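Here it is: the structure, laid out below.
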Amino acid sequence: MTFGKPVGVGVLGASGYTGCELVRLLQSHPGAKILALGSRQYKGIPYAQVFPGLPSVQQNFDDDVTDPQVWIDKGISVVFAALPHAAFAERAKSFVDSGLQIIDLSADFRLHDPQQYPLRYHFEHPHPDLLKTAVYGLCEWEKEAIGQAQFVANPGCYTTASLLAVLPAIAAGLWNGDPIVINAISGISGAGRGLKLGTHFVEATNSIMPYKVGETHVHLGELRQVIGKAANVTHPCVIFNPHLAPMNRGISASIALPLNQAISQAEVQVLFEQRYVEAPFVRVLCGDELPETRHVRGSNRCDIAVRVAANGKMLLVFSAIDNLIKGASGQAIQNWNIMQKWPETTGLSVEGWTYA
Amino acid sequence: MTFGKPVGVGVLGASGYTGCELVRLLQSHPGAKILALGSRQYKGIPYAQVFPGLPSVQQNFDDDVTDPQVWIDKGISVVFAALPHAAFAERAKSFVDSGLQIIDLSADFRLHDPQQYPLRYHFEHPHPDLLKTAVYGLCEWEKEAIGQAQFVANPGCYTTASLLAVLPAIAAGLWNGDPIVINAISGISGAGRGLKLGTHFVEATNSIMPYKVGETHVHLGELRQVIGKAANVTHPCVIFNPHLAPMNRGISASIALPLNQAISQAEVQVLFEQRYVEAPFVRVLCGDELPETRHVRGSNRCDIAVRVAANGKMLLVFSAIDNLIKGASGQAIQNWNIMQKWPETTGLSVEGWTYA
Amino acid sequence: MTFGKPVGVGVLGASGYTGCELVRLLQSHPGAKILALGSRQYKGIPYAQVFPGLPSVQQNFDDDVTDPQVWIDKGISVVFAALPHAAFAERAKSFVDSGLQIIDLSADFRLHDPQQYPLRYHFEHPHPDLLKTAVYGLCEWEKEAIGQAQFVANPGCYTTASLLAVLPAIAAGLWNGDPIVINAISGISGAGRGLKLGTHFVEATNSIMPYKVGETHVHLGELRQVIGKAANVTHPCVIFNPHLAPMNRGISASIALPLNQAISQAEVQVLFEQRYVEAPFVRVLCGDELPETRHVRGSNRCDIAVRVAANGKMLLVFSAIDNLIKGASGQAIQNWNIMQKWPETTGLSVEGWTYA
Amino acid sequence: MTFGKPVGVGVLGASGYTGCELVRLLQSHPGAKILALGSRQYKGIPYAQVFPGLPSVQQNFDDDVTDPQVWIDKGISVVFAALPHAAFAERAKSFVDSGLQIIDLSADFRLHDPQQYPLRYHFEHPHPDLLKTAVYGLCEWEKEAIGQAQFVANPGCYTTASLLAVLPAIAAGLWNGDPIVINAISGISGAGRGLKLGTHFVEATNSIMPYKVGETHVHLGELRQVIGKAANVTHPCVIFNPHLAPMNRGISASIALPLNQAISQAEVQVLFEQRYVEAPFVRVLCGDELPETRHVRGSNRCDIAVRVAANGKMLLVFSAIDNLIKGASGQAIQNWNIMQKWPETTGLSVEGWTYA
């Protein structure tokens, strides 16, 4: 495919880990030309000074604009917002009204029910009306809607790893409604670039740390919303136990989903393979293979394996993604590719970094 | 407590990770004097040359004896066997008949049913009659039997982390019999010191790797045997998903146990605290605290936290141990302390190594 | 630049770490089409089964050919040899005579003096006459000779990091001939994929391990050959202390070079900047910046910083590379690009993987 | 040795890494009873809540006192000060005058020349007169003075690793006065528990990072003071290049010291062995062995190896310590043991944690 004049791109929150990853990916995307790198903290500083691993990004940080017109005047027509939760919600209305394409990587527009925001994210949503405008950008399940969207809410990292793993079974009507138990293990970059004692090297290395287990993690809102819709259940029962592990990137999810009918290992394998046969970024493993985060690191791929257990009472699903790519910036670009009718894989890699 | 003349100790398999850890702990144990360090591979070589971190062990490796009389003649009265699976089974009869105290760290005498060995461990048990002689050394649950034992089968590492976490609820009759889902994450030392591609630094670092998931891991035999007995069920349904994480030591277990009755968070908390009130090596965490493997590293402690979830349908239990200590060599010494009527904590630490 | 029909490429030793990295890089190189993946060990097995991070490589391993005609018949015109030391030397003559382009990543043809091989590499060189045929492929210093070469000996990883750092000063005549002290720290992938106790995760993690220090490391042959030539000295005095650090990739070199004249910090800075002004893969840092291996990981870049110390008596040079890329497979491709008169950067990245 | 009534101990700065390590070591020291745990930040909070790895420390944090009488009234007779630089200097006079034994782990009293403080530590020393009162507590070289001291300045971590390595040669008159080049690699705990971007897990992992190289690191003051005194030189030329590596603990130092005379490898080996023959915490390695930080982790030991290189022109010395133990808290306790005329090894371990 030949790309004409590249599209002007702006990144809000370009100094965080997902922002930096967006910049890294976008600068080699044949359809993109980065025109603005928003950051309140680093405004005016050369990007490559803050991220010396990216010397080709020869621009300075720009202001973290609230008025979209400033960026439209620069020639920007798509904005990737990688701001902390609540920050983009504030400025969303003017951005949406301006006609810009928007992919928001925060949680601000992932949930349809405004009442979830004070509960889970501790802020009153300033634009509850816009919650229905944003399309939930789980690419492999919402491709058609994304293709017509102006405004996409990019899914959470844990959510992506979990939903890609359970939706084929739930959509096929195999779930009996008993609690789905999701255990997930994430690399430390998932906790962001802000300074916290828990992400100090000396505290975080050499340890496995469960946190916000059971029903307390913010991603449960998304998980229940999508699973509930797929299963046609109002209050789906989902338990989610996240853990941190001493590595930078990667989410490994191990899920137990109670089945409502006898189904063989071979049938489930076929079900999953067929569901994702046209998805370039999902690989259903076969035989004894299980997803390891090292094999997806650096790629936009999600590896999945399924096992029937407990005499057919339980389906086990295992998945692995790179949390900064398929779980954030890569999926954001995949969403943009779909919005632009470009090949889904444009500027994204199916291959991982081996032995990074 | 004052110790008189220390007891002569021999270690079979002193060059593996659990063997080395036994040696490290025993050399500062006030009741022990190490008299033999068995190893086929390193026979005759100075111990501190193979393990330069232990310069005070000023002995050479001894032969990996099969005739116990050789060690009895040296003044040894207790043998810790840290051999690969199947290796101690071969020589067990003569050791038991010799009257030596034995703590076997392998799986060779953990299971009562000889038919499990060809199935799970791929060898025909040479001494099925002895399987009932060995006491299963889960210290906090078999203290009385251990106190009268000559021959103890030390539990597996994953098993210890899992059983200490679920047994209080199961013994209290709270389990409804639906599948218990155990997810566990282990440091790489659990895979042993033998050379395998999967434990090469470059392969194992920066990754989470599930393996032998569902119903395929060898520890399921032990798990089901003990859980079945506690629940009075012949074929208890237990799903076990182990994972490797890039750290040396530690097991983090996250368990979902379906409940048969309404029970409050406070009641479960009290149940667990009371069950372990006299156990010096179990700490039941309270409030928001969750077990992190870094806090038990270097100690013989098991940290446990409980949460009631899914409107009382599910009990979540989280535990953490140091796999080489509470999950192997430390528990072996704890077993020996109990056999000797010494304080359970002799030569063992409740404290961890902070920031190791 | 537009590439026509891609060139057929074969990789000998495609299952090692440098082999795998060659494959990863070559498969997205616009001028290359991989036609053979040699491996004695894995012959016939799908490549992506051994390296699941590279699902797009949809070929099986081929035999590790000794007869070049087999590969010429497949349409191959360039061979990258990533075999263990001594293995390519055996088959070199027939490959060279066949007219194939050859880039050898081993040490077999780096040294001009055949007597060095028994001394340093413990084998008698089978084709001493060919030692002068091979061009030493240090791209930034031998570009012209490489451009005319059929057969290139790709430099060692430590050597590349060290030579790029010291040659500007030595070529400018600043060295006084006293011992150059090179300390270097490498990630574990530098030790290869073969199984050794020293690269077991549990042994190698959490430690800094000096090894083969002083004048014992094999790379000293290369270092002295190139430094001696640049300084016009027969026996240049170079001390080299390598260390392993717990990370996969990266070499950090810290070098002290005794100066023979007063030179200011500013003058040295200019000297280095000018020497590399046209080198796309060398970045001379300025101000307080120092090379960190994380900033070059995933790239073919070498970062360098210089400091004058000890009242002008000593030049300190610091450099960092990704040992598998600029220190091996990336430089090999850079050599091929030069041989092919393609832009040096074809298929290679100046950017690193941030936070890999 | 039998200890009578334990000595009351107070720790200032008990919430930092060296403070925590002091507490861990002191609580199992047979001569110590911890009576106060000073911390401005955590005052009133249970110690084991901040450091859950140490459940036996059943005290709350106390105030970070400035008036020593408060602690004397509690029965304290020795104070370990583990405060940030400049903080103890402020209160030193009243503590010294009070007659308390003091071991200060900061740099505030390591240097004799008050003019060094504004230059290197950016503060005007408030009590320059006291700089001569404090004894520099490098145990293996100042044992006699320490034995008579009330007030000891505990050496820096890099300094300890470097001085123990070079002093035998310098004291023997072997140094020719040309620049000594010290390269050292430290674990991240050396950077302290304060939050900085550079010690965020995601930034610090998988990288080697030189910093403050050449003549800019604060420890150069100590290094030059002690080396100058030993060599009888006013301005000894020492170059010091520190690096951070992705591990918690450990310093590996690799030093090149220019020799003024021909000396054989065997002679140097004997020189070092004899110098430390009575030092329980220094091990001079022989043969091919080199110090690895993993073998000293958890111990108060310093491992050293020596090599003559460059035809006798250069002595290479390699050393390894645990920066938090021999490089800080362990040496502080060793100093206290000497002050108290107790065996030097009381409460300290020669053994490391194997595979921590």
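Letters A, B, C and D mark the chains as written, and numbering starts fresh at 1 in each.
Everything that follows uses one rule, which is that a residue touches a chain if its C-beta (ideal position, glycine included) is under 8 Å from a C-beta of that chain, and two chains touch if they have at least 3 such contacts.
As the structure is a computational prediction, the values presented were derived from the model and not from experiment.
Participant: Farthest chain from chain B, going by the mean of C-alpha atoms per chain?
Facilitator: Checked the centroid distances; the maximum from chain B is C.
Participant: Cα centroid separation between chain B and chain C, in whole Å?
Facilitator: Averaging C-alpha atoms per chain gives centres 46 Å apart.
Participant: Return the distance between the CA-based centres of chain A and chain B, expressed in whole Å.
Facilitator: The computed centroid separation for chain A versus chain B comes out at 39 Å.
Participant: What's the distance between the Cα centroids of chain A and chain C, rounded to whole Å?
Facilitator: 37
Participant: Give the residues of chain C that touch two or more other chains, as numbers and ranges in rising order.
Facilitator: 17, 189, 202, 205-206, 246-249, 292, 294, 297, 355-356
Participant: Touch graph across the chains, line, ring, star, complete or other?
Facilitator: Shape = complete; every chain linked to every other.
Participant: For chain B, which residues count as touching chain D in their complex?
Facilitator: Residue list for chain B touching chain D: 17, 20-21, 24, 27-28, 51-56, 189, 206, 248-249, 283, 289, 292, 294-299, 301, 303, 324, 350-356.
Participant: Within their complex, state which residues of chain A touch chain D.
Facilitator: So the residues of chain A in touch with chain D come to 17, 188-189, 193, 195-197, 199-202, 204-206, 246-248.
Participant: Which of the residues in chain D end up touching chain C in this complex?
Facilitator: 178-179, 181, 183, 185, 202-203, 205-211, 213-215, 237, 239, 241, 243, 245-250, 252, 254, 256, 258, 290-294, 297, 307, 309-311, 313-314, 316, 318, 320, 355-356
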